[in-house]
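Can you read through this structure? Questions will come right after.
Which chain is which? They are A, B, C and D, in the order written, and residues in each are numbered from 1.
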């Protein structure tokens, strides 16, 4: 139906963006559905498979969700159906996942009727003990319609039938393990929360007459909201007509995901007080100090490698230039070149400019997952006349899977889990190859403590009791 | 997206068709999805809004459902996604309802994971105590994602966590009130059941190496199955690799819906031992005896009035002819004639032939709900030269709502609930108007006991504790 | 994209329906696009592949055409695009053809800019000398973008650059051979014409403040127009703000197509003064006289065989009944039963009622092309308990192709071109088989002269100089 | 249906990309349709409204064209329909235009049957004397179905009925005025030509066993072809099984469009021997010399302003940084922010990074058309903390319309046609504003002669005899 965006299998994939807002009666008749659409559009890079918006007044709840990009799904017609008179609260979600229309059942927000009224929930991240919790509830007679962690959390909240929504949510939060940010609403209030490690981001903004929650600050800006602060690790914020209430449900032990700064988050985001752009430039600067190269020009792999390339140039004194043209249409291609043109595939996305001809080139990228695309880019540069290609990666080698909402490749596919740096260099055909060190990354981030599990295998928020691969394949069986 | 079929608002509307099958390993690799598609196609007249098919092997369950007609929804692509290797069990459903894409959440079959494995359920009819049951389960911590009775039944079954599927279903069946037929499956068995009154039909067929359940016999014929018998009121049949097992869960007190024979069921169906075609001819014959007319020709309103017209002609001796041409494209029109052409609207569907010119016409129809269309047809005949139009209805006046799965109009819109026969005659402009009597209908049906609630307000399977209108509008609020 | 209606390959296929109107300024601001949509809807049976509407004011011309049924193509959005302010003239077309989206180029009306302004043309039928005319114009430097006869006629009209539209059209009409009805417009007038044999129908209606042209009277009725008369063979009517002008361009030698009355036209049409319904009843009556049968019941194959069955019953005294239920959804199926269910295919469309059980049945159909479906229907009746099946066809055997706009099968596929009646009887498995005689058909029609070419190979309007198969396949090459 | 990409109304819009190839029998069975798809994908930036591919063998011609992006239009199904056995020649086209489905009639390639066989033609640019040529052919009896210049050229070629395709095309070429590149095919040969000024680009590539023509070199690279050379102004190349033949039909008077280097062409293109990337860097360098600024950082407006920003930084010594994040989804947005969020619109596309906070910023963009977006970007930077914003434009002010295939705004909307530089500076709110001079641009391009008509109003290839606005609106009337 719609052209599914091509997944760059040589980059980790984020799984979700969340958005929510609550406005006071005095804010007037705002079009909450359109505000959600704008917010989701600004978070589209966090998930391109499906998206959904739930809008409620005290009298009525409406939801629309579908497979596709925000601009494909939220047509005038669908936005019109979400025009709830007197709407005051809304949550929205954009999601990455694999293909297949039946996955619509897993699209978020998830909406249920419960003993606390109608609830809608959207999350980013993973509960590492979701399976145990679900098995216990199944035994007690619950039924599950999706394979989505949101359904586990909603059932958990409903089990506290003697508590109100706020207290039941707080209790559920203490039972859930893993890395996650959640936005949840009933017909009169909006709740936001972040796991005690703050693995996934969640920011708070203020709007004339209301409050906004979002995965990244850009989603605040597009709806005209001011960026107030980050929701804190372990914090639950409750927004209703009485205003904003904060409760520190669990003691914070911060470990935000380093990859948000390295690759996922937008270049204009500031997360947990650290500018993504500045962090990337500093990663490049440190990389230049740790792994200098005798070269004529520094170029970056667009888009995520460009800021680090600027930093590398700045610290090394080697001139910066634009060596790769990126097709603005590349993201949506499903073109399958015939066999003998497979090598040409990278050319659908990238073309080398004359900036590299006859030069010794430093090529900066943010990460290498499998290495396939990296090798093709190196060859592209040689064909365009580069004399040497010094590949520099502005993060450490990825060697471990993520259990907190990011889809890296399976472990055996991760180049760095089975190959040495020299072996990877040979595979991609670069003149030299170097990665930023863990210490260098931490200093570039300037954060006392970040999650580096995909680099070093140390999981601050625990691991699921069973291998995630196994769970996933069983889930498939349940409700394909 | 798809052209939704126009609803003839002057006819009652059936709400569902169900279909299910289980085949033995020796049946070979049958394409269960295509068999379901054929079965649903034969039941399309029972519901045109959405449809779904769930197919399972012992290892895997897949489901596809969407808004639209069977031929629109089940494209080659969707059928391909349902090609489960080693598939043995399947259930399918086609549903009538109002418009709105969010109604997709209410499409059936409904599929859940439970303590009895993965279950898929499809039903036709209504549980009159669904609301009480749901309220009790909500209080106990359950959450509901749809406004569909199927979800109530699935939760009810899961609550019997100490019983196996068969016993739990039997227990649930005794708790449920109203008029309903259900097909239910797990990954190794198929269950069919009919409420103790047998309000809605369910028939059993045998296939080489398997068994089939369906709302009407035509759905057996299109998949090459033999019609074995009707499932009995209060009976539960369980089909698995050990064969067919029958249990009479509740003592039968038969009251099958008379409207199945009057209008809903296909003319080639035989339900509970009574041929639909023969019953309609007999209704016409009795109508001729009860309400003769001095006329030149008998014509029927296509399609459902034709058989009764043949009966009327046969019993009265007045010659039968084809007085109305029905456009084969009429069913799908959403054409909106401009204001001054509103009267022309009936012409999109019907055109009078020369058979009525200069004649005194007996016009036979199966029922009158509002009377709007009836009046337009009468005018059409006069314009085509009819000298007199004697309107004869082959069923009694409809004056009460149905609570067992049929959408008649709201009570105040039913012509017969507020107007006398003479007032209706004047509204529709007929020379004379007569309805078949209740006694005449019962004798034409030749059944000792049928549900005539919409005619006489006596509800054999009870009424919901609250007005259905009120419930419906609250449900709307919950999950539009 | 859209579910293409299944083609019943055992029936001849009509190729087009045309519609046009011109309204005076005093008619006010009529919505011409919606009037065209209504008219096309009433003509949908004449072509289901593509449709188009062209609407013009003196200042502006707009056209919309697409593959699909009228209700699929003319959405609110498309009708909105056709809302030309001050619109006064419109032509519309619905077309049958084979599949393939590139055939959109052949959809009508065809619109061109010429030395006579912008012209839009739609036709029904074929020009047997189209190839010669086109070859001559190609040699003179013309280019052709379609394989459509309309383009030939428009080029022909433009070649008369010294004449005005009316005179140029009259000249073109005299050059064109074959069987055709045409509606043509510029921005101020509407022209309708029929070949001198009147092979294809064209009727004239009057609307308050305007005139309407259409292939059948039902299209007049749906727009509220009165049926004035048929356009005469060889006549050209010109409608503009001065009113209706008629010119008899060529001397009429009437030979209207008999198949319009046998099968194509709607049962409520009256063409060239003869009621389609009455003609069909008379065909059945004559058939009963020519080929009586010792039987218990007469049934018709819905829909086109029903009226003849009524006539057969009336003349023979054998009671009429409804023996076959026809699914109202049959027309749109593209369901492909798996191999072992091929025989079930007819059951998607038809089901036998209990009316035939234990009976000796007369089965009346309007025609047999290949005989495949006929054989399946006979088996269906036997399976439903018929003791004998006496097949009666209310027209003579079809043994020759049509060159005037009807797609019969290729000659070698026509059962009657290679098999004797007895051989066909054996193929379809009937107890006896009889066709109506040519003389019987002519008397039933009561027309002095009709085109019976598909029965007797005598072509009143000539044949193309080359085999049509050859032309068609070459055309395919040109612009697939 | 498909999300039409948003048009950045503050940039000129290119109107077309062309592509063609011819392969020898020894090249084996290449999938020409997929090669065309790849080529068009690489040219997608030159036109996003519609696209088409025509593929031919000696025996068969097939064409597919539709509204939408290359990846939307050329699904597996459509490519499958283009799989002509033994295909040897193909042309393809991608087109920018305004909205409206009826514009499908104007999609290219245009395919006609003529006295030279079936021809398919695609062009980029405009014929300034198209109207005169068409009027003459209309008078002589031709009809036109589109408002497309391609139809004029095809009719012109067909008029030379005594000449073969090659000679007739050469004659047509001498009659046509304006700026255009054309690819044209019959079933055995491919022809490419460029007007004598070479206004629009056309490059030639060689493939194993064949030749390729394309608007830009990137389209050669994606199909694995080597870039051989540019087609020369006034040259016609003919490619058939005998190889490549070149004829200099008209004496070249080169005046290639400067805007190809400034904005349109991809950054990895080399056109007429000049690297687009290098030219843009040089424009930035010269701009720094002509219009220095006392600043802390240089940033570019992505994507087209980035290379000039690198050049500005290099020549001025002011550090380069990435000050604006561009959403990769921006191109497809049709989001309409509500009124009070209009100012937020630019935020859907761009977000300022922390690189500008507290800085005096030089902002480099390639051009200003209306100035609306420019003003919004300036405000975005101030809100992000920029202390000063020095706007630098790497081309001269646009003050005149283009008649050679580019859609600049209407003259009265061009900021520079009515406002002084100081007035524009005030409108956009920049601290200072400066444009590159014409002389500076010419030196940066290093071409002896380029078309600068949109800057200085001197049209090297002439102007249409009537105002283009007037023609356009009349065309609208003809065939909307």
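Methods note: a contact is a pair of C-beta atoms (placed from the backbone, for glycine too) under 8 Å apart; a residue touches a chain by one contact, two chains touch by 3 or more.
Just so we're clear, the structure is a prediction, and the values are computed from it rather than from any experiment.
K.L.:
For chain C and chain D, which third chains touch each of them?
P.N.:
Both-contact set = empty.
K.L.:
Cα centroid separation between chain A and chain B, in whole Å?
P.N.:
About 47 Å, centre to centre.
K.L.:
Return the distance between the CA-based centres of chain A and chain C, expressed in whole Å.
P.N.:
59
K.L.:
At what distance in angstrom does the C-alpha mean of chain D lie from that of chain A?
P.N.:
36
K.L.:
List, in ascending order, every residue of chain A touching at least 2 other chains.
P.N.:
Within chain A, no residue contacts more than one other chain.
K.L.:
Treating touching as the only link between chains, describe the layout with one word: line, ring, star, complete or other.
P.N.:
ring
K.L.:
Mind listing the chain B positions that touch chain C in their complex?
P.N.:
Residues 3, 31, 34, 37-38, 41-42, 44-45, 69-72, 218, 221-224, 266-268, 270, 275-278, 281, 303, 306-307, 310, 314, 319-322, 324-329, 331-338, 340-341, 344, 347-348, 351-355.
K.L.:
Can you name the residues of chain B that touch chain A in the complex?
P.N.:
59-64, 78, 81, 100-102, 110-115, 118-119, 138-145, 154-155, 158-161, 476-480
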